[in-house]
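Both of the next two complexes hold chain A, though its partner changes from chain B to chain C.
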Partner chain A sequence: MMASSYNAKEEDANHPGAANHAGAGVVKSKKPDNTAFKQQRLPAWQPILTAGTVLPAFFVIGLIFIPIGIGLYVTSNNIKEFEIDYTGANIDNPCYDCAKNFSWNSTAQCVCAVTFTLEQPFESNVFMYYGLSNFYQNHRRYVKSRDDSQLNGDRSALMRPSKECEPYRTGEGSPIAPCGAIANSLFNDTLQLYHIDSNGTLNEIPLVKKGIAWWTDKHVKFRNPGGNNNLTVAFQGTSKPVNWKKPVFELDPEDPENNGFINEDFIVWMRTAALPTFRKLYRIIQKKPSTTPTLPSGKYVLNVTYNYPVLSFDGRKRMILSTISWMGGKNPFLGIAYITVGSICFFLGVVLLIIHHKYDNRNNSADIPN
Partner chain B sequence: MAVNENADRPKAVRLRGKDVNAESSLKWPELYRSGQRQELSSPLILISSLLYAVYSSLVFFFIPFGVFHNTAYDFQTMAVTVAMAATFTANVEISLVTRYWTRLNVAAVCVSVVMFFICSRITHSTSLFKASPGDYFFLGASNRAFIDPLVWLTALLTTWTAVLPSMTALAINVIFNMHDKHKVHSASSQPVELRSRLRRGASLRRSSYALSQGAGPGRLISSGTCIRSTVPTVDEQVTADNNPTDSQLQINMKNK
Partner chain C sequence: AHIGVGISGQEGMQAVLSSDYSFAQFRFLQRLLLVHGRWSYLRMCKFLRYFFYKNFTFTFVHFWFAFFCGFSAQTVYDEWFITLYNLVYTALPVLGMSLFDQDVNDVWSFQQPQLYVPGQLNLYFSKKAFFKCALHSCYSSMVLFFIPYAAMHDTVRGDGKDVADYQSFALLTQTCLLFAVTIQLCLEMSYWTAVNTFFVLGSLVMYFAVTFTMYSNGMFLMSPSAFPFIGTARNSLNQPNIWLTILLTSILCVLPVVTYRFLFIQLCPTINDKIMFKVRQAKASPAPPPRRTRIRRTSSRRSGYAFSHAQGYGDLVTSGRFLRRPALSRSSGLTNAGRTTTGFSPMGRSAGYSPTGRPQNAKVSDVEVTSLQMYRTITDPSL
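Coming up: the complex of A and B.
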């Protein structure tokens, strides 16, 4: 910055003034102004770098990171999580038949029941996720295959979707709403959870489907064209995506606040994941008002309406039940990473201290006074 | 980004350092050492810059990868995390190299960090999204990311891990070079006499001034006096002119 301002001053000085016709006029001096800024006389602080100031930084950071890492690891261990794979890749998996007999044309829905046991009761709000593996929602071409104007309720974009949605832009002669590959691959398995109590009766656990999407997504980014009522009329002239069984205005006909583009499951799916192994919020199990645990320990049954084929690309599907804390879900990696980096830092500090000590001693003993 | 920063080391050093005036240049000739020995652009420096760039790229990806693996976080939140880590790392690297902290330097670092947060909030805002939904589709990402402790912890860990080699290099530099370093703060500007290895009257070399006073440089040039110091090739005896300004100019060359 200082160099460029110096150059600018030089260029100004090279142009002689227009009034100097006679040649006896004053020639502008090329010398820069005698200000503190231009003569580099600004008051400055110079850090005194010695071993005594630099080496403690390593120890301090190490001593800060290690307790943070331990705290994170302990917090993560206190979070309860349960994960169960229901893809049906092996014959001993309950959903093996559904997976094997899947076909795109069948109208009959395949239901499989997966039983599992919770060792520990889950307290407070329990979040139910579906997880996918080997599903690259972060692929560049996939991420761009959407039309945000159409999803925002723009009528012209509804009828003429963007070119980015190709080849899922038009189908059966009419524009597809919602267009694009992300919408086309919407996750459509239905999961239901039942608790088997001591009598053997199945108690359905109430799953809340509102409040799973981001507020900005639900209220700003995704809007139905022409309001939330009369969606059948609003979407006239469009066709459903290729892989969907129902059109978009039938995603939740009972609730107009959750139908069409503002359906929360749809919004959650459209928020693309970062990595090929991800999970997305499916339902929330709210905590009971009394002190009873939300999910007592015991046997449970998960009823899966198996609609989503993943075996063709060697993907896996799972259901996850998890409590959350201030740091989100269970994440031992961050705690371990902090402890590791803190220890490396501390170790480096010790090594540098030893080197400094040896070098100092060698120098002091080698000095021969003249 | 790291390769770009480190590739132009001379410019980087120049922009963050301070110019030295004429008297100080004479007093501390060791300031020229880095240029003469090509310390700032040698192949070793370039290769180490490249390796450091590769290392920091791996750190910027794999630490957020490990944190966000098998979680409910989306790719926009991960993008904001990596961007935060990159901004912090760049500013820390600049701070490590800066030796003269004027108010402008402090302002530059602070403004850089603050502008990152402000610009993120602006580009993720509702008004820009409504103006052009196809371009500003990060709506709401920074709202949640900047108040999420996991995002901040990941960014700080990534920053420190990426900066660790530079800090280690600085510490090693300080340990090994502390003894030779003059206290540059104390600037006593006294005029310094140029001391040259050649004494006046040495018969083998003549200054250009002396040459210009003599008969002409022809014989001297063709004999290679000024170039070669040991082995003469021409059997000649050149006697000095009767010029009182030249002192003891006898060039005796014998070819044995």
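Coming up: the complex of A and C.
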């Protein structure tokens, strides 16, 4: 009943610590600090979506995206590309016989010649790709089936490959080097290009096989065990992958920088593709020092050593010749997408501007209900 | 009930022990509801909506990728990204939003109590809101997968080498995802303190720092099987069409959200929109201070404060005596004749009022009347 000097804070403080405060002079207040942080008054930027910010943003985006899209589209259109399918699925395809008569045990190599004509000359460096379709290099079991330690030259991993490589881990009693399904399915067709000039003579076009893999792959990720020399000795005790015709140290015996695990075709293949239709760099045709085009227009012959069967899973193989620009190969999608999105933005900006003009009077604070 | 509130006081601490919130004075209830309760509801709902959105988007992309990887459950992103996504890259920004977000400050919350209505109507997070969030995630995931898919389909780098490999595609998709969800968070946040800004930008910087570190030579050589993505960041992030793809994807993900919200603000603004607009106008042109007219005081009503901690006034209220008004207006000083037979006195234990109604101290005179009976409410037209 005595309530003359009732003070809530003191009571709270006194109750638990009444005994302790006999000696202390000051009772600590439980009031929180009156700082901006604790009282949630921090200085802040509070943006809201007003017409003054949204509409200019839409117009700016539209005005930026459309020129970018046009630039991309024009660049993509200027890239020259030529593609030819040489799977041999139909009887009128030159490689039909090779495809039909393929068998794993045959030692004789089947060669087929595909002729084609280039309408326009190709300038500057021309890149030769092989493309595969319906080949799922992104399948989970396939992607896991490799041993990066072994490919990095680790000797213990060379002799005891990772379990992920199963069932391509050991063969003929010894560990497989390189192990795994990715290595086992290495693309081993050989492509050669000849130009038929006006006299009818075949001129072989020089193809460069170095410089097709990423620098980091070639120099850091892939290493031969025990250095690049004496690979036959280094790989002793291992066996070749099941579906290969030659062991790994015979991939390129003339060039020790391109033999063994650091063979660039092998490295390019081991970089698994993201989608079922992909292309991988095979060779580079260097540009000529004079002003003559690298590949003049005319007739060409592609000689294919058909070693890689794809018809069993309805896959397709193709050879692609392409020039390159700053945005890569020929892909008009990005240009078209930018133009589309820019136009939609601009159109939306106009529509929202009209709506804003018509309905802006309603959004006033006068009609806040009380 | 949603929460239990206990008042700590003379009756003991039992209510405090068994309630969710407790304080000592009833007036704090207003602040608890209109400021803290409202903010808490707002933050909770924004947090939930955004959290569901970012995780649904993250996961739905795998659904689309399944059609292109032979339904083999291959992940679109790097495994390390999947581990660190909820832990490092998007944890702090969401936390910042949940801790600091406010739509209007506490002063405005008091002045506009109708802002409390959305909480009562359960507007911010209901089945409908959840469904809208799921739909938005579905759209975002389609954009996040199919635009990189089409951009990377059969493409190569600027020097002819590979860029459509699995690792570059994973890096591209995860970067697009992170940018898209970060921009979405920026749209959700309506209160950008320095802490929030630091969290958001810091998380993005952290992503790039961690990615470049994990894809570096050193980490690979330490453990080749754990860090197989070596060189991917260096070789793909220097390609202009990768960055153009990221820009396009992020803009396309948030464009419908901005359009939808802006349309709603224009066509049918909610109470929140109107008040936030008003706040902004008030900040831009501060209102002149209210003109104070001199309040005509006939008696010092303020002395009522002397009674504020005294014994309760239940009997006074029910008696109705406080409704009576004096016939003449007086300045100070009263004679006994002016006082009615109410039996009050300005001094004493209960400051003149006795629960029994009998005069306590009829002898007091020459004292200014200070009891509650003289209290009148005055409405100031300028307020």
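Here, the second predicted complex is superposed on the first by the 324 of 370 C-alpha atoms of A that agree within 3 Å, B and C clash if a C-alpha of one lies under 4 Å from a C-alpha of the other, contacts with A are read in each partner's own complex, and residues count from 1 in each chain.
Methods note: contacts are C-beta pairs under 8 Å (C-beta built on N, C-alpha and C of every residue); 3 or more make two chains touch, one makes a residue touch a chain.
This is a predicted model, so every value here is computed, not measured.
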| item | value |
| --- | --- |
| Fit-or-clash call for chain B and chain C when the two complexes are aligned on chain A | clash |
| Touched partner set for A:Ile355, first chain B, second chain C, both or neither | both |
| Which superposed partner A:Asn125 touches (first chain B, second chain C, both, neither) | second |
| Touched partner set for A:Val233, first chain B, second chain C, both or neither | neither |
| Touched partner set for A:Ile91, first chain B, second chain C, both or neither | neither |
| Residue contacts on chain A - larger count, chain B or chain C | C |
| Chain B versus chain C as contact partner of A:Ala108, first or second or both or neither | neither |
| Chain B versus chain C as contact partner of A:Tyr136, first or second or both or neither | second |
| When the two complexes are fitted on chain A, the stretch of chain C hitting chain B, from 8-16, 80-88, 134-142 or 368-376 | 134-142 |
| Chain A positions touched by chain B in one structure and by chain C in the second | 1, 3, 40, 42-47, 49-51, 54, 57, 61, 65, 68, 72, 129, 131, 137-138, 143, 147-149, 151-152, 154, 162, 214-217, 220-221, 271-275, 277-281, 326-329, 331, 333-334, 337-338, 341, 344-345, 348, 352, 355-356, 359, 363 |
| In the complex with chain A, residue positions of chain B that touch it | 14-15, 18-19, 63, 65-78, 99-105, 108, 126, 129-130, 133-134, 137, 139-140, 143-144, 148-150, 153-154, 157, 160-161, 164, 167-168, 170-172, 174-176, 178-179, 184-185 |
| Contact set on chain A toward chain C in their complex | 1, 3-6, 8-9, 11-12, 15, 40-51, 54, 57, 61, 65, 68, 72, 125, 127, 129, 131, 136-141, 143, 147-149, 151-152, 154, 162, 212-217, 220-221, 268, 271-281, 284, 322, 324-329, 331, 333-334, 337-338, 341, 344-345, 348, 352, 355-356, 359-360, 362-363, 365, 367-370 |
| Chain B partner contacts - residues on chain A that touch it in the complex | 1-3, 40, 42-47, 49-51, 54-55, 57-58, 61, 65, 68, 72, 129, 131, 137-138, 143, 147-149, 151-152, 154, 162, 214-217, 220-221, 271-275, 277-281, 326-329, 331, 333-334, 337-338, 341, 344-345, 348, 352, 355-356, 359, 363 |
| For the chain C and chain A complex, residues of the former touching the latter | 8-10, 13, 24-25, 39, 68-70, 72-74, 100, 102, 105-106, 112, 114, 147, 149-170, 190-196, 217, 220-221, 224-225, 228, 230-231, 234-235, 239-241, 244-245, 248, 251-252, 255, 258-259, 261-263, 265-267, 269, 271, 273-281, 309-311 |
